[in-house]
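Common to both upcoming complexes is chain A, partnered first by chain B, then by chain C.
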Partner chain A sequence: MNTAVARLQRQFQDYIVSLYQQGFLDNQFTELRNLQDEGTPDFVSEVVSLFFDDCAKLIKNMSRSLEQPENVDFKQVDSGVHQLKGSSSSVGARRVKNVCISFKECCDVQNREGCLRCLQQVDYEYKVLKTKLQDLFKLEQRILQAGGTIPQVDI
Partner chain B sequence: MVCEMETDQIEEMDVEVLSSMWPEDVGTEADKLFNVEKSAGDSDMLKEVHLSEKRTMADLTRLPELMKTTQQGTSQVTNLVKQWEYMQDNAVRLLREELKILTRQREEAEATELKIIEEHNFETEEPENVPVLDETSDLFRRFRQKKRDALVDSKKIEIDEEFDTVAYWKQKALSLEKMLEASTERERRLIEKLNESLKAMESHSAPVEELTQNLERAEGFLHFILQNAPIVMGHQDKDLRYLFIYNKFPSLREQDILGKTDVEIFDGGGVKESEDFKREVLEKGKPSKREITFETKLFGSKTFLIYVEPVYNKAKETIGINYMGMEVSDQVRKRERMAKLREDNAVRKAMESELNKTIHITEETMRAKQMLATMSHEIRSPLSGVVGMAEILSTTKLDKEQRQLLNVMISSGDLVLQLINDILDLSKVESGVMKLEATKFRPREVVKHVLQTAAASLKKDLTLEGTITDDVPIEVVGDVLRIRQILTNLISNAIKFTHQGKVGIKLEVISEPSFAIENALNADAQEQNGQTETSVWICCDVYDTGIGIPENALPCLFKKYMQASADHARKYGGTGLGLAICKQLVELMGGRLTVTSQVNEGSTFTFILPYKVATSDDHSDDQDEFSDMVDHHPEPDDTTEGYFQFKPLLGSIYSNGGPVIGNNFLPHKVMLTSPLKLINGFVADPTSNGIGQCETGQVENGGYIDETRLKTSSGHCIESDHQYENGNGRCLSKESESCSSSQASSEGGTLEMESELTVSSHREEEKAETDLKETSKPKILLVEDNKINIMVAKSMMKQLGYTIDIANNGVEAINAVQGSSYDLVLMDVCMPVMDGLKATRLIRSYEETGNWDAAIEAGIDIKTLEVEQGCVHSTKRLPIIAMTANTLAESSEECYANGMDSFISKPVTLQKLKECLQQYLH
Partner chain C sequence: MEVCNCIEPQWPADELLMKYQYISDFFIAVAYFSIPLELIYFVKKSAVFPYRWVLVQFGAFIVLCGATHLINLWTFTTHSRTVALVMTTAKVLTAVVSCATALMLVHIIPDLLSVKTRELFLKNKAAELDREMGLIRTQEETGRHVRMLTHEIRSTLDRHTILKTTLVELGRTLALEECALWMPTRTGLELQLSYTLRQQHPVEYTVPIQLPVISQVFATSRAVKISPNSPVARLRPVSGKYMLGEVVAVRVPLLHLSNFQINDWPELSTKRYALMVLMLPSDSARQWHVHELELVEVVADQVAVALSHAAILEESMRARDLLMEQNVALDLARREAETAIRARNDFLAVMNHEMRTPMHAIIALSSLLQETELTPEQRLMVETILKSSNLLATLMNDVLDLSRLEDGSLQLDLGTFNLHTLFREVLNLIKPIAVVKKLPITLNLAPDLPEFVVGDEKRLMQIILNIVGNAVKFSKQGSISVTALVYKSDTRAPDFFVVPTGSHFYLRVKVKDLGAGINPQEIPKLFTKFAQTQSLATRSSGGSGLGLAISKRFVNLMEGNIWIESDGLGKGCTAIFDVKLGISNESSVPKAPASPRHANFDGLKVLVMDENGVSRMVTKGLLVHLGCEVTTASTSEECLRVVSHEHKVVFMDVCMPGVENYRIENYQIALRIHEKFTKQRHQRPLLVALTGNTDKSRKEKCMSFGLDGVLLKPVSLDNMRNVLSDLLEHRVLYEAM
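Coming up: the complex of A and B.
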């Protein structure tokens, strides 16, 4: 059993490191993980799921705005991007945040094409991150179920 | 016949000559033709005719003389004579020819006569026998000769009869008689013709008449041409006296002009000039033209183009000038207008190009600024990382050397951060982006806050003091943020270069400086706006007893990146931008920043600024409020304080009711001694606080630090010394509240927190006390609209041991701040409804003015009940920390400019939050 836990733990470590290395996450995610303690064992997953819900909602709103062939309400899009950028930077969703930065630039110059491209990209990125993090949390669950502890990971 | 032909010829020639010079009969007919277009009608025409007579004025006695003596006159006469001579010649030639013809005819007639006589002689005597006598014989011979020549005639006489018969002679006599008759007839005709010729000759021989006609025609022609021309012509003698004048604008009589000079006739502008010009022509002897504008009473303002030529006599001596002037006022005006238009055009073009240049430069500047902002973000973010990490590192276990190195690292990092902020500030002023705001504020409070803030980070044994003269208004209007920035800059500068003694600020009202009066002339608009407001000039001295500035370094003191010397730069550090920013800001606000200094004695930076004095309405409100406070809370009031002093209490804890997390966290703090009220003649009511002894001491000693107070508060001091681990043993006097709160100190160990609250209201104190009893935790407000950010920040705060209130936008934040007192606000910048910058401004405005008018103006629904409760004017400055996303719109300079105290860049991390709380919650 110990070996299984250790294997899971190593798997978890490798996985989370790869997420950092591939640029899905940054230190802010570590911050988040550090905030999680006995009192709030599901803090990270709560925040992250809130974030993904937020993403879905914001992206939906923005795509509705951007689908207008004319007179796109860039102000609304901009506020959405701003929200998304803030959120992603808060949870350490690095790739999403980076797309948001270029998304905002497109928005500033009212480049609809660019905005649409960014929107697609951000949609893709957050979904990828979502699956990755879901995997990560499943791994965590398995470790916990196996009676192990989540290992500290130094990035 | 021949004769007639000749006369015809003469006539033709006459016509030819005249037609080339003067068209015949031009005068009257043309008049009719050309005057049709005039609507004036017949009477006018008559008038013109009438006038034209009068236009010419001539000195008749001298003009002929002139004609005789001058070259022009001579040549004219010569011409006339030549013409006359030519005609005479012609006539003579014709007469001669006629004479010739007549002579020939007479000769013929004589010859015939002779022949007849001869023939008669022939009858009586032998013609061959005629003795050849002296003269007659010759004549005879000639006649004979002639007779033979002219035989044709005589041969016509054919005699049919036999020679020497009666019939023959009869016949001959008859034919001769006929011939004689014919001859007589011819003679008579010739005589007739001669008479005719003579008559014709008589008519030709009257040249004067013809010349007169010519002259009349010439004059008529001249009149025709000149009658409407705006021309003045004249002749003046050597002394420039008029001898002749033709004037289109006759307004003077003959005797007024002739024999007089221009100067004698006219007066006004241009007369002298024209006179001089004429004289010049006289002297130089060269004709020339000039444009002269006359400004005379007689005919107003008119410009004439004047042509002047000298007139010589036959001896080539100058005897006067001919002068011709044409009025060209309209043309000149047109020309001037054209020139002006052209000039305007040029100016406009120049302005346009200038504007284009400016636009270009502005664009460049904007680009540069944008670039700078981006760069600053790029540099600042990693740098704050470096500095932050270094600071964390400094809390770990390090040996002495490592710590030293680390300290250098941190201070260098701080310097670079400061430099970046300064550059941003400066670029903002220079690019003209910086806007000044006019808000009401209390100069005394500003001075106090600046000194307080400076005292808070003071690490030297310096006394900070502030003096404000009584005539400085309680409230003025100006850009308080900028003024505070200037003061802070100057004060920190002063502190930096002062090692002992004091640093202070002095405010006094001065009369309007001279440079401002000049400016005021250019800007009347200001006065128009200031109907109810009056301006006041306040002079602010920031003085120190520091190292001073050598005289040779003064000029470059306000230049960018310049410090007094390289040595100083090394020793004291700094970006060298602070003073440049101050100067630019002061000038932007219409003031002046100057410095006087003496090496080793100290420096004084003086800035003079104009302020509007706030309207009296608000003022009276404040006074009510103030008097309320006097009644119930006899603490000194910032509004009237005239003197502040802050002394360092090294190692003390300046606590604002916050938790004492650990002494090693807390930076050096300063106690405020408060002798203020007495200087303003305001004596606090001693009984309300029950510390009579203490108060008496204050009154007696003019409210300065005194032993009585030390004694009264000595017990308290001992207590506090436990807290002040590094205390210098000097227990400075607490002010009245500290005494009063010493009662509270027995209840809890929080004495130092309250005793320090020197100027806060009684009510707030009580509130603080109860808060402290209940939670002993600082109240923190998080203003943030992003749920996820809120969640994360909340969690972090929890981990740091704080609970926080949440506001989702600026309006909620203001309501929260207004509803309860917070110790710290974390403010997101970009938010819906109202952003963090505006919310901060409104909160600051409340702190300055004590009312929420600005917020209500901004449309925030402030509950009046709470306003009344909250009207107790808190004088402490609520620390507001911005949370910026590091975009251009959320630059830190913007945060500072809007009254924020610091900023945390997003994403917020535990470490950043911790540092910030450590700094602002004591």
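Coming up: the complex of A and C.
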């Protein structure tokens, strides 16, 4: 049993390190993981699920605003991007945050095509991150079920 | 003239007489000469003759006597002087030899006579030895017979063969006319003729066991001569001609009785005997010899041993057959039981899953429904649905738990936990219901009750919750007291001895209520599954009846005891249980937080205002991790509404997206909070802005609006900690990166 747990732990470590190295996550995610303890064992998963729900909602609203070529409510889009940037930086979703930065620039100059492109990118990025984090949490569960502990990963 | 001096004829020689004398002398001489010849001849023939010298002497004597007589022949007529001289010489010689012989014979004849007596003696001795030899041979023969008999008897373990062989061999060895064996009957009151030697179909008759002759035989282990007329010896119809041979009877101990039902006997001595009767042939005038009697006794003993062996063997064969049957039956039963258990487990697993899925759907959807807009009637209906489905879910869990408990497949999850906290949690859970029913609950924890213990926290909580819940459920008035203490042996449960080891102790929990009470006769049924007490008051309280049964199982798993005492209906009752828990050192409690908390943050009330849900949650998580009590607000209005003097710090998100004046109301909140607390300036909470960048202009702006500090988002844990310590120490924060 111990070797199975060790194997899973190594897998987890490798995976999470790869996520950092590929730029999906940054330090903030580590901080989030540090906030999780026995009193709040599901803190990270709750925060990220909230984040993804938020993403979905904001993206939907923004795409609605950007739909028609005339009368684009850039204020609304701007606020959406702002929210998204804030949320993504809070959870450490680096790529999403970076896209938001360029998205904001497009919004500032009221570039609809640019905004649409960024919106698509944001959508793609958050979905990719969502899948990756789901896999990570599954690994965590497997380790816990096998009786091991989640290894501390210092990036 | 010579006158013959030897014979003086007195009368004139009678011619006839002379003739006869002449003849006789002649014959005597012949005889005298032939005797030595014969002697010599025969002595020469015989090898052994010790007295040759005597023979020679004797021969000489005879020869001379013969010569004398022969010479006598010449003396009848006138004879010359030479003849007379010869005669005289002869006679003198004869006289000498005869005297010598006579003298010699005096010595020799006794010798010869004694030889004769010795010879007789030796002959007698030889005859005696012959006799003895014959005797020994017979004995040896008998011994051989006994050995052979024994061998025959012991070569088989079949009872009938043993007995038959005994009789046959005995009959042969001792040349008996008849040999019979009487066995005790089932009842033991009679002896039945079981085996005979000669008669092929023995007449089935019995004699009572109490006959004096039988008692006499049974009294001794020797063979006893009995009268041929006694009932045991009278096996054939007696006809007058026969003179019955001598009869001997001997007892055969029956050491092991497998054929007879022991239960059927009236009280009898434990020694059981059979009777063997041996009859010598009639008209033979034979007597029983001692060695024959000994043979019979020996055989009887051997037979007894062989019979007991046979009996034991029969017994063990029977037992073995019985065991094999039982084994087969048990195996079958076990396989059936296993199949049943497997079937039940499969059923439970399937049912569990199948039942839980719809259950989850019902509960989840009803909860969601509760959150929506409903009319009061609808709300009531939804609440009822929720309550019933929760009850059903609990019931299912209980049943599953119980079946796992009974299986023995349930194991305790041991861990370290805080016992004091556990009790407080339980009370917190029960308090709402108790408050509604106006039942005050008190908790008494003994001062020596360890704080950190090792045990199954979840299940212990389940037990305590169940017991306290029951107390609340079944009480209409009164109070409920929960006492927890360390149990030391007392006389209450004398069969439950406490051996406190260094690392374990027994926790005793007493829950006393003044409610409905229980009839003392019902108490044993309480812990049985599904049994409800009869009182009407309890029936309305619901409950599956499984709670106590499950609690009892858990308590037993924890090597403890649980029982209920009640003084009767309406007099309340006390539930008491003991469980074994391990004592843990405080340092090994894993509940210690990973990061050290500053003492001054514990319970620090803070308010977080952030429009972004995610950021709000993260900031809250951060502060909670540091030990603060966090209230959140998502809009500025809410923040203003909620803020109070209790809050020591207010964190507000003032991220400014692009446009300068955008969200200026966030900054204005700071002003408005200042306004709110103008009266109690010292009670005003510290205001910290969370922002995306902290350049100088931003900082100045924050200061101008009355904020005490600025923090760059996202905040790290160490950062926040330092910020808080600084803030509380200095009440102002300038550097915050």
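In this section, the second predicted complex is superposed on the first by the 155 of 155 C-alpha atoms of A that agree within 3 Å, B and C clash if a C-alpha of one lies under 4 Å from a C-alpha of the other, contacts with A are read in each partner's own complex, and residues count from 1 in each chain.
Note that in this section a residue touches a chain if its C-beta (ideal position, glycine included) is under 8 Å from a C-beta of that chain, and two chains touch if they have at least 3 such contacts.
Bear in mind the structure is a predicted one, so any value in this text is a computation, not a measurement.
By the touch criterion defined above, A:Asp54 lies against chain B and chain C together after alignment on the C-alpha atoms of chain A.
By the touch criterion defined above, A:Gln141 lies against neither chain B nor chain C after alignment on the C-alpha atoms of chain A.
By the touch criterion stated above, A:Glu38 is placed in contact with chain C alone, chain B being left untouched. By the document's definition of touching, neither partner reaches A:Ser18: not chain B, not chain C. When the two complexes are overlaid on their common chain A, residue A:Gln83 makes contact with chain B and with chain C alike. Residues 27-28, 31-32, 34-35, 37, 40, 43, 46-47, 50-51, 54, 79, 82-83, 85-87, 89-92, 104 of chain A lie in contact with chain B in one complex and with chain C in the other.
Residue ranges on chain C touching chain A, taken from their complex, read 590-591, 593-595, 611-615, 617-619, 621-622, 624-625, 653, 655, 657-658, 692, 713-714, 716-717.
Note for the complex: chain A touches chain B at residues 27-28, 31-32, 34-35, 37, 40, 43, 46-47, 50-51, 54, 79, 82-83, 85-87, 89-92, 104.
Chain B meets chain A in the complex at residues 785-789, 791-792, 795-796, 799, 830, 832, 885, 887, 906-910.
Listing the residues of chain A that touch chain C in their complex gives 27-28, 31-32, 34-35, 37-40, 43, 46-47, 50-51, 54, 78-79, 81-83, 85-87, 89-92, 104, 108.
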